[in-house]
Amino acid sequence: MLLSLQGISKKVGAANWLYEMSLDPVPGSVTVLLGATQAGKTSLMRIMAGLDAPSLGKVSVDSIDVTGMPVRTRNVAMVYQQFINYPSMTVADNIASPLKLRREPNISDRVQELATKLHIEMFLDRYPAELSGGQQQRVALARALAKAAPLILLDEPLVNLDYKLREELREELSQLFAAGDATVVYATTEPSEALLLGGYTAVMDAGELLQYGPTAEVFHFPKSLRVARAFSDPPMNLLSASLQADGVVLKSGAMLNIGALPTSTPDLTLGVRSNALRLRPEPGDLSLTGQVELAEISGSDTFVHLSTSVGELVAQLTGVHFFDLGASLTLHLNPAQVYAFDAKGDLLLAPKQVGAR
Amino acid sequence: MSITVKPVNQKAWWLILPVFLCVAFSAILPLMTVVNYSVQDIISPERRVFVGTEWFAAVMRDQDLHEALWRQMVFSFSVLVLEIPLGVLLALSMPSKGWKSSAVLVIVALSLLIPWNVVGTIWQIFGRADIGLLGMALTELGFDYSYTGNALHAWLTVLVMDVWHWTPLVALLGYAGLRSIPDAYYQAASIDGASKFAVFRYIQLPKMRGVLMIAVLLRFMDSFMIYTEPFVLTGGGPGNATTFLSQYLTQKAVGQFDLGPAAAFSLIYFLIILLLCFILYNWMQRVGTADKSEAAHA
Amino acid sequence: MARIDLDIAHAYGANPQRDEDYALLPLKMSFADGGAYALLGPSGCGKTTMLNIMSGLLRPSSGTVKFDGVDLTHASPQARNIAQVFQFPVIYDTMTVAENLAFPLRNRRVPQAQIKQRVGVIAEMLELSAQLDQRAANLSADAKQKISLGRGLVRSDVSAVLFDEPLTVIDPHLKWQLRRKLKQIHHELKLTLIYVTHDQVEALTFAEQVVVMTRGRAVQIGSAEALFERPQHSFVGHFIGSPGMNFLPAAVSGNALTLAGQDLTLNADLKLPNGDLKLGIRPEYLHLVDPGTAGALAAQVTQVQDIGTYVLVTALIGSHLLKARLTPEQPRPRAGEQVWLQVLGAQTCFYKNEELLA
């Protein structure tokens, strides 16, 4: 189904929950709504579902205006954070409920098929309260899939689950979505989840829709500082700099040659991703020396917090490295890996993606 | 231009019609009748004279009414002072888990299930010096106990009866409030070395604030309208020592068939309760929003 | 500061017969004085049970808990002098921040001047000095957690600080700051800190030693490096790392390894017993190599994902899906292509019955 939101905004009392935005989720694929808590993701999903009406703007499905239509008449399935299931019905009845409403034949076959797909076929006779969190969420997912709605909305469905369980379910979800042809909208606060799900990402912040596009593209080419901030984990290092006749000058006085920038004002913000900082220098690199404030080891990577003359930096180094607190450390940066944002925060320059085809 | 989500159909409103008619018949029409009576002098069923606000003025000047109102206020206040702390203490001592908690809940709630005139009758017999356990015991102990003869004894008996009858409600509300406190608070207090009293003062009481406000509101309203129990127990006596506001009203309306002043007084009574309700409710709301804004920040 | 020695088991019922009857299977563990430890595992693995036994909120069904050699198994949390920070902030609503922090000291009848000084020091450390006179109930979640932590730290003789998934309600971008704060506190105060979590990043960044648990058992205790490079148990390989270790069933006979119908020659130093076993290799160490390289197998690429800071390649060997991590600069294969993955390398681990062989 072709869902289209045009000029949507939502105001509650004096507060703007959603500023004017237009969004056309690409049909048949996954659209991730990425943003911090209170960014407006849930409000936007509720408008997509028909649970709320926008204060202004139009919602259309397959070119039919459905703006005022309540959710019962729309064909939507929704999965929530809190594992919502009918507590007095068994798992089998839960999954069968949308099928019964539509009076479909072969209900038990369909239920069995869905339960097997989500690996809960051994729990069909149990009640949701007897299952673990992950299993309850699978029941909710099975019920949503049973409805076979052309639009599936998931509001941070994995946030209440164990980290490892989240990984497993996320992969299963990716496969399930790829196998079906429903349009899926998935809200999350974690940038890594957006990247792992792929598809398209809409970055939201404080009620505004900042950017929408293929996930990798939004990640590598954020239109503005706000998008870069919202869509990076660990946070992107931001350095203030100024554009001068012969190059870009950082706070420390160091010069960076990153080519011409299409801007008139001299104030710039440079963005450096944490994995762009290296231990070993290559020719042409800019060196940044500072004191180690903290070194965090997380299995495959080490995160070093460095206090330098250009500001506080966080670097992500592959492998396990031990650093003493307060020790001096020099990191190297390839100027081609630098993002540049102008005084207003809009993107001026983004590094080219090597290796991608 | 604002778009509202239109309901699918409006047919549901028709379902409310029977209820609406019932309420109109049993509540609104009688209320209108009372308002009508309050502005008329009903000399006899056929003769009525419009007197405007004269009854209201007369009621306000009525000395007996002032005394009844005063007695009522003292009663309601004493009820709150006695029942709220007792109820809280009872709630604190009730077990929280297992079969014992269910058993205790049932036992505690028993007095709430008794019809109110039966409550009055129970205490009437209970307090009799010749056959009542309480009466006999007190007489044995040397007290010249008589709830029919001695005004103070009558008062105390009515108070004790009300406490016996209604403290369980406060206890049940308090119990519900206590159950909603997560274990982690008690664990943290234990780790912080807090004494039992500190736990009560800094954890239990603040967390029970919401339910206690409800309990205060309910008990105040109910005690302000109390009729059956003191009427059955003492009949309002001795003299008018335990004649509270609603009984006074009934005496006026039914006893003396002074429908006009009675109707006026009813309206005033209604307005007094409404005013007190409003004040207490707003107080509760302020407390409630303070709690909610904490929760929102958490 | 104290050394904690555990020699406990905790069962649900009176007569535990099988493993399922235990919440915590019999274990013996020591937590050194001043060390930072993490108990890591999925829900239901027993980590919170262990924490509560250490803090005194739960009595173990058998065994002893010793603090600096003194048996305190039946002592209350107060007597053990520990501090605990819970999953959601626990503060006294009616008090200000300063009063909250002072509460444990007031209960011990510490003189007022000393209380004020200590509260000042701790508030400074936790960056709460500006909010000392505000009502604790109106602050944000992370400030409240800091207060909870501060109440534990304010007692200068606290033996250990125990954390039960304390960052659960904190916003993701504030988690960084709080983790950093915890590390700084550990560095400055040198307290024994024990942290329960199901998030491996939290555990590995916080602790010097991580105890990985599953189903009531502690399967490995080690540093982040040891857990990553040499997981002693296949569960550790699976649980740690994002994504976790790849596992392939294999059979050994002599110095030949049979995997997915293909034969590979094992390194002569590797002494593996003949028979079935499991080969484990982390996605970070599964390199794409030229066809025919020793120790490499052919695989069919099913998916290539750009994860921003790395590229995840999913490939099929026989009927098994493997994942490999590439840096963004390396050349990426396309879905459907055939690639060669080096499964035998220095970081390859071999498991029999889930235990590490070599």
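Letters A, B and C mark the chains in the order given here, with residues in each chain numbered from 1 onward.
Just so it is clear, a residue touches a chain if its C-beta (ideal position, glycine included) is under 8 Å from a C-beta of that chain, and two chains touch if they have at least 3 such contacts.
Just so we're clear, the structure is a prediction, and the values are computed from it rather than from any experiment.
> Count the C-beta contact pairs for B-C and for A-C, then tell me which is higher.
Here the pair linked by more C-beta pairs in contact is A-C.
> Please identify which chain has its centre, taken as the mean of its CA atoms, farthest from the centre of chain A.
Result for the farthest chain: B.
> Just curious, how far off is chain C from chain B if you go by their C-alpha centres, in Å?
So the centre of chain B lies 56 Å away from the centre of chain C.
> With chain centres taken as the means of their Cα atoms, state the distance from chain A to chain C in Å.
About 25 Å, centre to centre.
> So in the complex, the part of chain B that touches chain C is made up of which residues?
Residues in contact with chain C: 182, 184-185, 187-188, 190-195, 198, 202-203, 206-207, 293-294, 297-298.
> Would you mind writing out the residues of chain A in touch with chain C in their complex?
Touching chain C: residues 36-37, 132-133, 162-165, 167, 189-192, 195-196, 198, 215-216, 219-220, 232-235, 273-275, 294, 296-300, 303, 305, 316, 318, 320, 325, 353-357 of chain A.
> Over in the complex, which chain C residues touch chain A? Could you list them?
It comes out as residues 42-44, 171-173, 176, 179-180, 183-184, 187, 198-201, 204-205, 224-225, 227-229, 238-244, 282, 284, 305-312, 325, 327-332, 334.
> Give every residue of chain C touching chain B within the complex, in rising order.
55, 57, 76-78, 82-84, 86-90, 92-95, 103-104, 107-108, 137-141, 144, 148, 151-152, 169
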